[in-house]
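Please go over the structures that come below.
After this come two complexes, each holding chain A, first together with chain B and then together with chain C.
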Partner chain A sequence: MLAYILRRLWQMVPTMLGVVLLVFILFNWVGGDPAYVLAGKMANADNIANIRHQLGVDRPYYVQLWIFIQQIATFDFGQSWATGETVSHIIVTRIGPSLTVLIPLTILETCFGIALALAISFVRGSLTDRLVMIACTVGMSVSILVYIIVFQYGLAYKLGLFPVQGWGDSFGENLLRYAPLPILIGLAVSIAPTLRLFRSFVLDEASQDYVRTARAKGLSEGRIMWVHVLRNAAIPIITYVMSNLPALLIGAFLLERFFGIPGIGREVILAVERSDFPVIKAITVYVAVATMVFNLLTDLLYQAVDPRVSLK
Partner chain B sequence: MSAPQFSSMPYTPTQHAAAHSPGLWALAWRRLRADRLAMAALAVVVAALLMVALSASGLIVSDWEDEVGVNYAPPGFVGAQSDAERGPVSGAAVSAAPAPAPVNVFDPIADDIAGLKAQAGADDAPLDMYGVSDPLAGDLAKLRAGLAKSGHHAAGARLQTLPFGADKWGHDILKKTIKGGETSIVVGLVAALLAVVLGTLFGAYAGYYGGLVDDFFNWFYSVFTAIPSVLMILTVAAVLQQKGVTTIVLILGLTGWTGPFRLMRAEYIKHKAREYVMAADAIGASHWRRMYSHIFPNVSHVALVQMSILVVGFIKAEVILSFLGFGVPVGVVSWGSMLNESQNELILGKWWQLTAASVAMAVLVTAFSLFTDALRDALDPKVK
Partner chain C sequence: MMRSGRGLLWKRGAALVLACLALPVAAVPPEAPLKVLRYILPAAETSLDPATGRDLYTGHITEAIFERLYTYDYLARPVKLAPQTAAALPEVSTDGKTYLIHLAHGQYFTPDPAFKGKRRELTVADYVYSWKRLFDPKLASPNTWLLEGKVIGLDDLAKEAKRSGKFDYDKPVAGLEVLDPYTLRIHLNNPDFNLGMILAYDPLSAVAREVVEAYGDSKGEVASNPVGTGYYQLAEWVRGSRIVLDENKRHLPAVWNFQPGDDPDDQRIVRQMRGKKIPQIGRIEITVQLEDQSRWLSFTSGGADLFWLDGPLAPKALLNGKLRPELAARGIQLSRIVDPDLTYYYWNMLDPVLGGMSKEHIALRRAIAMAHNIDEEIQLVLNGEAQRLDYPIPPGVVGHDPHYRSLLKYDPLLANKLLDKFGYRKGADGWRTQPDGKPLLIHYASRNEAAGELLGEMWRKTYNSLSIRMDNQRMTFADILQAETLCKLQTRNYQWLADYPDGDNFMQLFYGPNVYQNNTACYKNAQYDRWYEASHKMPAGPERDALYHKMARQLEVNGVALMAYTRYRNMLAQPAVLGYKKHPILIEEWQYIDLDRGAAHAPVPLK
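Right after this comes the complex of A and B.
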């Protein structure tokens, strides 16, 4: 087990170096000289030379790359170009609000997804099944922007059931007062794709031999679905939920932007708007690390769920 | 590739030597034809593509920028609105204030606002529809009177209602939606084509050659998939620094190749050892020829399905990028830029632009998704 983890961590090294190299190339060459971006539109040659020196972009590329790797390892990306806040402080303080919305959302989405998928698999192949699937396709076709605009306008602005936007200081206030509407919208947006996917996972299992055996020995359909099928369908479901988590951290950026939630996603949008390169670089690198670590955790969870899987 | 009409050809024993079983495409077309929902979806997609072709060539809606209606002219079935309802941008002075928004119990500064409103109400300066005093109102009225006298009475010639309403400048929403659809659909199609071409090229090399080439492309793939696609798109948008239709196509195309790559690589690994490829090798076909003349036609259905999946995703992505202002430049209309405008309009009660853009997009994307599902089932009956 330990040997497996160590080997997987070792295998991450080339990928991680690739991510570092990709980010480095993007920000140093593809976008042109970062000094021009930072200097703005009213720069003169002196300014640019100064900034180039400050940023270190006048040094050889291998030195710059080495500095970048040091920055990643020491969590020290310097200061945001836009606000002067240190990048590490930005990341640490923005994770909390993001998770306040995302953890309840993920839990609710997974529970609803599983319950509905199992319920719909009772009537698989029927007209109801087909209609629900078409409704899911239609639901997925409406832009997430429309969900947010309409729900925010209708439920918060018109009916006043929720605050239109905002974020407080205490965790309880945020969770109970400001988070419910974003969570509700997130649920409305994600339930259709989740249900479609989970249904296919469940149906893959429902045609297996062990299900027929269970039926033959007279188990109730409910017990077959909730105990036997669910246990086996759990593996792809766990993969999906786990591997989606890091992407969700960024993916909820529209919710955070509309509702003024000071999370990681909104920070990325702000950084893109302000060309705040240090912040984007840092978030990209660390989210890539998180993605790889979560993939490893997913594989470790397999073993816990499915005794047939042995990790070597 | 056999033509679709092949499907209706009756089988007769005398044809035995010449007859061959219908190919993959003929079979797929036969299965698609049997699926009525898929055919309806296909009709919608074809109609949309036709509309895009017509609008791109300038045959229709080239005049969408004409200000044919009054500002925010409502849809015909709603009926004309009085100037007061239409808002402060209209010509006439406004006296009546609209019904106040319902009190938001969560609003922490509600009391302050109420106080300010009372103060403003007490003022005897002319008020606009928001209940805000407008210090320029008198001057503007004088200017408008002058304009009317000199014959520049453009507003009078404008329509009070349009079948689907008008936006802030009086553009016909129907034409604007078609024009916006052109941008969004073209971006989706071209970006998906770019992503699939890249994915196929890389996947073919990786799968066909194997070994070190495969290792290299797999490493490249793992690097790109380590960064979530949303973040990747935003990062590239931040770096490229310029807005434009070409930029969005590049952003989406250059970040979207990973899905097609994975599947095409698997297909090439499966096919490279087949007999027909060995036969091609025996008659001296080059690697390039084997990869693209021999193997590709046999795996192209995978590329086609991947492309239609990507088109749907990219249309949605373009809408979000343009909404955020990282997409189309000012002056180009897309469904995303329409949604961006409509966000503020909705608070004024002008719901028609929002409805038009979102319904148009939902109908197209639904049809495209349903057709994609049917296409995948038809081309690969094993997966169901």
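Right after this comes the complex of A and C.
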């Protein structure tokens, strides 16, 4: 196991280097020169040259690349070009609000997805099953923007069930007062594809021989589905959930933007709008690292769930 | 008895203690309830250091926390300069090269550990220090231009810092003569009658050196610890999300005593506010809401008291420039002004296809100008929220001429004839070519967002009407700025918002030495430059206006740019807001207004 983990960690190094090179090339050749934005509305060539010097973008590319690698190694990405705030402070302070929304959303989405998938599988082929699948297809076809606009207008503005937008100082207030509507919208958007996917996982298992055997032995349908089928369907479900976890770290762009949640997704959009490269670079790199780490964790979890899986 | 006596003693003792505790409470009159104004910013703030501020949204906060020597009279229109921390308006020498400034006594920075427990009085040395900061290469301030080339010796300090790598804040500057802590004499390189207005601009606010040295980041920027002398101080800041400002109770007392102007609404404002202490609002709660729908729903559900109704939202609240009846019935107030800004279309004078002063090139530019329907653009792109403008100086800015009329009228037929006459013939494919037979293709640049797409389509229609091929270059803002500054864009809609309300701020947009800065048309004309230089040395008046007329006409004759429009600014206020009137130059007016959430001003509930 340890050898496997070390080997996987070692394999991350070339992947990481690829990410670093890609990010560096994209920001240097595609991103435009931020000095012109930072210079204000009446800057001369001297001012622009001075800003480029202060930002370090006038240095040779290999020096800039080396600085970038050092930043990754030390987790010190310097300061935001737009606000002067340190990038590490941005990440640390914005991740909380994002997770306040996204962790409950992921838990609810997974639990509801599994429960509904088992229930639907139980009545597979029936009119209920077909109607639910049609509803899922319709739900998936509607843009998240529509959900946000309709829910915000209807549930918050017209019915007053939730605040229209906002974010407070305390975790409790945020979780119980401001986060429920974004979570509800996130759930409405994600439940349809999740349900379809989980249903297919469950149906794959439900048609296996061991299920027929279990029925022949007289086990109840509930026990077959909840214990035997679910356990075997858990591997693809875990893969799906774990592969989605790194996405939690970049927040929910639109939800955060519409509901004034000072999370990391909103910060990414602001950084893109402001050509704030240190912030974009840092978040890109840390999401890449998180993706690799979560992939490794997924593989390790396989073995925990299914002892037949061996890690080599 | 003993027991009861001891009990009585305890009771009496307790009563005495309670009475003592109650005494200070009873001695102080009950405080008025805190008035909290809720405001929405449509974009996130950046740095709370006025020296590095570069956007209007951040300006709301820095303008409330920091103070300039001068400000503007709240009600006077056209706008009128007024002292802020200065004791009076500056005494300007007749040659316009020397300004004598007296600071009012007894103004203090808000308390901060950087002052080590002492009260820190504002002096003119703080202004000298703050203005020097704009020139510190390390800070890379986007506001250096405000004083660049103006004050004797100030630019030399920056040059020396670039050489030595260290900015010497202690070195005296010949042009900034501190006579005593309350008196400053400024010596200018050239006459400048606008300096008073420039000194009223937010980046020239006073910051305290101790604070910068205590909290400055690696560049010396104090974005996170704004400490000023203004009516408000920072109480809470969740970056990009929520900012709370509390009243600075140590501010010099002031009484609302503005005189009403010609606007009939001024009388109501004066009735509501006269004689009140400034400020009335004890706390400002600002939230950043990036999306139109969220902002609009927040305001209409009572979640905000003042609301900046920007372009896309205008149709929700306005009908033909007036408040919709359902909003008026709820008691919502509208303050609508013409922004001191100008949108114009320029053609790059250095471009080989569009630029140059040959008759053919001038004819091409004029033809394009005559084929573009500005009114249609205002309706379709801006929802009607702009006013046509023929003159380069917008209304409300000193030097504006409401009677000036452009020679370039909308006439696509005539525009086509002009092109025919000057050799821009149509080829077999129906598209025009250049007089030498080369293909004619115009690259119109716009931002890669929805409004940019709309503008691109508007211009495509214009060029199609002239049978000229057009390509819409969709670019990021950074790319546009870079290409534009380097004179590499052919044409686009350009917008300029006044930094100070004087025509000079607009006429400099076509001044030759400003090419590769903000002369985006890259126009170099010796005659125009001579006129501009002469006007720059004159005080405002008929003589300078006459020069501005000639300059405006020359821009038309040479087909450099087509003046298009100036936008409206619409501010909505809940019924509880008293005394509100949008000022064209001040970014916020929170200290001049009041709130009454009593029954008389309660909003009519939503149906």
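What we mean here is this: the second predicted complex is superposed on the first by the 297 of 312 C-alpha atoms of A that agree within 3 Å, B and C clash if a C-alpha of one lies under 4 Å from a C-alpha of the other, contacts with A are read in each partner's own complex, and residues count from 1 in each chain.
Heads up, the rule we're going with is that contacts are C-beta pairs under 8 Å (C-beta built on N, C-alpha and C of every residue); 3 or more make two chains touch, one makes a residue touch a chain.
Please read all numbers here as calculations on a predicted model, not as lab measurements.
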Pick one for A:43: touches chain B only (first), chain C only (second), both, or neither.
second
Quick check for you: in the superposed arrangement, does A:291 touch first (chain B), second (chain C), both or neither?
first
Once chain A of both complexes is superposed, is A:157 in touch with chain B (first), chain C (second), both, or neither?
both
Please indicate which partner A:15 is in contact with in the superposed arrangement: first for chain B, second for chain C, both, or neither.
first
Which holds for A:275: it touches chain B only (first), chain C only (second), both, or neither?
both
Applying the document's definition of touch, where does A:167 land relative to chain B and chain C: first, second, both, or neither?
second
Tell me the contact category for A:253 with respect to chain B and chain C: first, second, both or neither.
first
Output check: A:131 vs chain B and chain C. Expected answer is one of first, second, both, neither. What do you get?
neither
Quick check on the superposed pair: does A:82 touch chain B, chain C, both, or neither? Answer first, second, both or neither.
second
Which chain A residues are contacted by chain C in one complex and by chain B in the other?
31-32, 37, 149, 153, 156-157, 160, 163-164, 166, 257, 269, 275
Which of the residues in chain B come into contact with chain A in the complex?
37, 101-107, 219-220, 222-232, 234-241, 316, 319-320, 323-326, 335-336, 339, 342-343, 346-347, 354, 358, 361-366, 369-370, 373
Can you list the chain A residues touching chain C in their complex?
31-34, 36-45, 47-48, 50-51, 53-54, 79, 82-85, 90, 93, 149, 152-153, 156-157, 160, 163-167, 169, 257-262, 266-267, 269-270, 274-275
Residues of chain C touching chain A in the complex
44, 46-47, 49, 52, 54, 137-138, 140-145, 162, 217-219, 221, 223-224, 236, 238-242, 287-291, 293-294, 297-298, 300-301, 303, 476-479, 481-482, 485, 496, 499, 514, 516-518
Tell me, which parts of chain A touch chain B in their complex?
14-16, 18-19, 22-23, 26-27, 30-32, 37, 134, 137-138, 140-146, 149-150, 153, 156-160, 162-164, 166, 177, 246-247, 250-251, 253-254, 257, 268-269, 271-273, 275, 277, 280, 283-284, 287-288, 291-292
